[in-house]
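Heads up, the next two complexes both have chain A, just with different partners, chain B and then chain C.
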Partner chain A sequence: MRPYIKIIDNIFKESVEYRLNHILSFIVIALPLIIIYFLWNTIFYGKNLVGGYDKPAIVTYYILAILLQDFVYPGVNYEISRDIREGTLSNYLIKPINYMGVQFSIKTGASIPYSIVAIVITLIFVFFMRSTIVFQINIFLLLLFLLSVILAFILAFLISYSFSLLFFWLERTNSIELLLNAVLPLSMGMILPLSFFPHSLEILLDFLPFKYLLNFPIDIYLAHLKIERVIQGMGIQVIWIIIFFILSLWLWKKGTKKYQAYGG
Partner chain B sequence: MSIIKVEKLTKIYKSHISKPGVLSTIKSIIKPNYVTVKALKEISFSVTKGEMVAYVGPNGAGKTTTSKILSGILYPTSGRVSVMGYIPWKRENNYLSQITFIMGQKTQLWWDIAPMETFLLNKSIYKISESDFEKTLDELTTLLDVKDLVHIPVRKLSLGERMKMELISSLLHKPKVLFLDEPTIGLDLLSQEAIRKFILEYNKSYNATIILTSHYIKDIEIADRIILLYRGEIIFDGNKEEILERFIKKRLVTVTFNTMPEIAKIPYNIISREGQTIEVEIEHKEISKFISFVFKSFDVKDVKNQDMNLEDAIKEGFKNASLY
Partner chain C sequence: MRYIYLWFSFFKISFSKEVEYRMDFLLQCLGYFLWFLFTIIFFKIIYSHVSSIGGWNFYQTLYLIGINQIIIYIYQGLFLRNFSNFSLLVRKGELDHLLLKPIDLQFISTLRNIDIRAFFLLPFPIILIFYSTSHLQLNLSFSSYFLLLFLIFLGLLLRYIIGFFIVIFAIWMGNVSSLSALQNEFLKYAGYPASIYKGASAIIFTYIIPIVLIANLPAGVILGKLKNPAEMVIYTILFTLIVFFLVRIFFYKAIKYYSSASS
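Let's turn to the complex of A and B:
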């Protein structure tokens, strides 16, 4: 475990060298929050319920969506693609250390400063918008929410890790990436809560991993799900985690055989 | 006992060639176009424990490729390799804990934080005990004279300082086998010398086996043995004396006489004559015969052998190889 903890520490120290970035990321997080708040204020004008959510629920949904997106968005990991294409992966291959563990630590380490910023923003937001936000005071639900977020974090990491390992075979992944970036925000529930979608599409999304990255944890927080549905959902999270874990091990084994170790 | 064994090692790189244009892009998806590069062609050699081998060859000869395979980064196309009894590309932790691979053109240090942080990371990766770590770190930083720099972010260090940190970070776990790929590239003369001395010192005090690649003759000179690689083939493997003998066919010998004999009595190729001194060009293997001949036949004051030059021998070796 030690090396991985030290990597988290190093990543944190590295990010302290770039404090300005965090102030910028603060703005990046805060800006959409404010826009969304005013947007939904307009949509709800004269209405109580939209798509099964009342106004505090929808505002809370988006706040959580924006705060969580950085942890649970399974985009291309550019660190990994660079390691493969520029040959810096060699630095890890010659050491008795596990690369997946390294990348997980890096992701975790990079999330720490972001979490701090996110928590600060939430507190400020909550202070000003007390009346329009859902406060979840049920400790049990909060714990379930936290657990589902952690599972979502791991799942997102594994999806992104597996996808990034494709760089062993592909020179460019622009087109796949474009497709992913078009599909992901919608299917995760980042743009709209998934209950806004037609029922048939919702059912399809129940079986895919994406919903469990964002929409599912937030619905737990909002107490929109019965306990059976929560347990079932977490089961699906775990199954997808296992699938992507095995997939990434397989890709790693095949990929390192093809690895060209460019440079030097 | 040989610690590194390489038998008929071959590495063929395959790379896509992509031509511009939509049509050829689509074509290449259906039927990819490859070019193959034979980087290593059935090379064989072995290295004994504690030996320092200079692995020398022109650009593109396959030196880095060899080191990458031996350190487990690359899979070979065919052939057998065993280092300390391990197959490198299986990358067993026990193997990786005992080797290191330093590339002068690449950094393994974390760029934005102090070298110390990378050292500490390696300490935990290689499970180095606190006391060993302190001791080795002190030793290495003293030897390389960089004690005061370990807490400065790597990006602020000069190239030479960074290279020293690179060495320290790669040697903290006291590897038994070292692959050093151009560790002195781009360094000033003093830094080069410091690193050269340091490598030699490490080799002696830990009885470490080292494969050292460099284009600098002074680096090559510190090795016990030289392997010349030319376009993926080993064209020479032996020590300094052997390489000179093999590739420098003729040498200049200067003879100074007390009383000048008749030139015609010396049946060798005389290049110049100045007063009592002549210069003779002579086949390598005839030198001792020649020397005893002049001493026996004439009144000789002094005989000087021109220094044989390692650099010339290596160049000559490459030139010879290029003829085939």
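Let's turn to the complex of A and C:
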């Protein structure tokens, strides 16, 4: 466990150094929050419910979506592609250290400073918008929400890791990123809550892993789900985590075999 | 004249570079297309729940999205790559190389790299504009098309200045990776109807952070959405000119700081 905690610590310290980045991400986070608020404020003009959400619920939805998206977006990990392409992966292969563990620690360490900045910005925003925000005071729901976010974080890491291991076979790094970027924003619920979609599409998305990265945790917070649905959803999160865990182990085994054959 | 000739050679070089990797070319075109598609889907779904957003119906919003996307694609094609490479230019000292050339520094450093993929996608927003025009029963004279082109050009110029300002600011402050994210935020929200902003926010997003002036001005003038179109156009022209020269001065100040730092 020690080396992994050390990695988390190093990455954390490294990213704290780039303070301006955080000031800029302040704008990057605050600007969409403000504009999305105005847009939905206008959409709700003269209406109480749109797509099953009332105004405080939708505003809270987007606040949480922006807050969580960096945490749970399974983008391509270019560090893995570099390690494979440039041969620096060998440094890890000869050490008694697990590569998946290393990458997970890096992701965790890098996520912490961003989360702190995002939480601070969100709190400021929440203060100004306090009349149109859902404050969840049910501790039990908050705990379930937190648990589902942690599961989503692990799932996002495993999806990102599995796709990044495809670089053992693929030369073009941008094709995978493109594929993910084409599917994720809509199917995770980043662009719209999924209940706005036509019902048939919504049912399809229930079975895919992406909804459980973002839309599902937020719906728990908003108390939009019955307790059976929450438990069922977390079950699906765990099942996808197991599937992608096994998949990534398999890809790693096949991939390193090919990698070593290259290296001679 | 010399500058036009120079620009065409930039274009030729960029073109021959791109055509080499055809598969990458297609994939990246698709990548540029995605956000455009997502925006249309977003508004299509919202308009299946409501009939109007702040007085804008679905086809008017499509028209606005089309105009905004034309500006985005030309911006990506002409400038964006130069802006995203700028920090590299500074860090690797390649800027020294450009400083030596007997060419205007702003010209060469912001127009050198042309991304021709974006131009290949231009037909899609144009089709969207014609599609929404046919549903809106607009009777446009020849001169209003001319006006539209001028206003799109103005929006593009304003977009360029905002982008350039962000880049210079970032260089002054050090290495910044959220830069491209910030660029994207400005691009994305320019396509929302201006009527969502009310009171103080309307003033801020029109006159101070002029997101509204980029695409909403051309679309608003043509669709008759503005209360005082003539004044807004004049304001935008003046604003653009003044800020253009201010940013240019700011740029040369920053460059001076750079040369003294490196020697």
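Following the convention adopted for this analysis, the second predicted complex is superposed on the first by the 257 of 264 C-alpha atoms of A that agree within 3 Å, B and C clash if a C-alpha of one lies under 4 Å from a C-alpha of the other, contacts with A are read in each partner's own complex, and residues count from 1 in each chain.
Criterion: a contact is a pair of C-beta atoms (placed from the backbone, for glycine too) under 8 Å apart; a residue touches a chain by one contact, two chains touch by 3 or more.
Every value quoted in this text rests on a predicted model; they were computed, and no experiment measured them.
Judged by the touch definition given at the top, the superposed model places A:181 against chain C, while chain B stays out of reach.
Contacts of A:31 after superposition on the shared chain: chain C is touched, whereas chain B is not. Contacts of A:196 after superposition on the shared chain: chain C is touched, whereas chain B is not.
By the document's definition of touching, neither partner reaches A:235: not chain B, not chain C.
In the superposition on chain A, contact is made by A:45 with chain C only, not with chain B. Judged by the document's definition of touching, chain A residues 18 lie at the interface with chain B and also at the interface with chain C. Interface of chain A with chain C (complex): residues 18, 20-21, 24-25, 27-28, 31-32, 34-35, 38-39, 41-43, 45, 47, 50-51, 172, 174-175, 178, 181-182, 185-186, 191-192, 196-197. Across the complex, chain B meets chain A through its residues 13, 16, 18, 64, 68, 71-75, 91, 93-94, 96-97, 99-101, 103, 105-106, 108, 110, 112-113, 117-118, 120-122, 124-127, 153, 181.
For chain A in complex with chain B, the residues that touch the partner chain are 2-3, 5-7, 9-10, 13-14, 17-18, 87-88, 90-91, 93-97, 171, 256-257, 259-261, 263-264. Taken in their complex, chain C has these residues touching chain A: 23-24, 27-28, 30-31, 34, 38, 41-42, 45-46, 49-50, 53-54, 170, 173-179, 181-182, 185, 188-189, 192-193, 195-198, 201, 205, 211.
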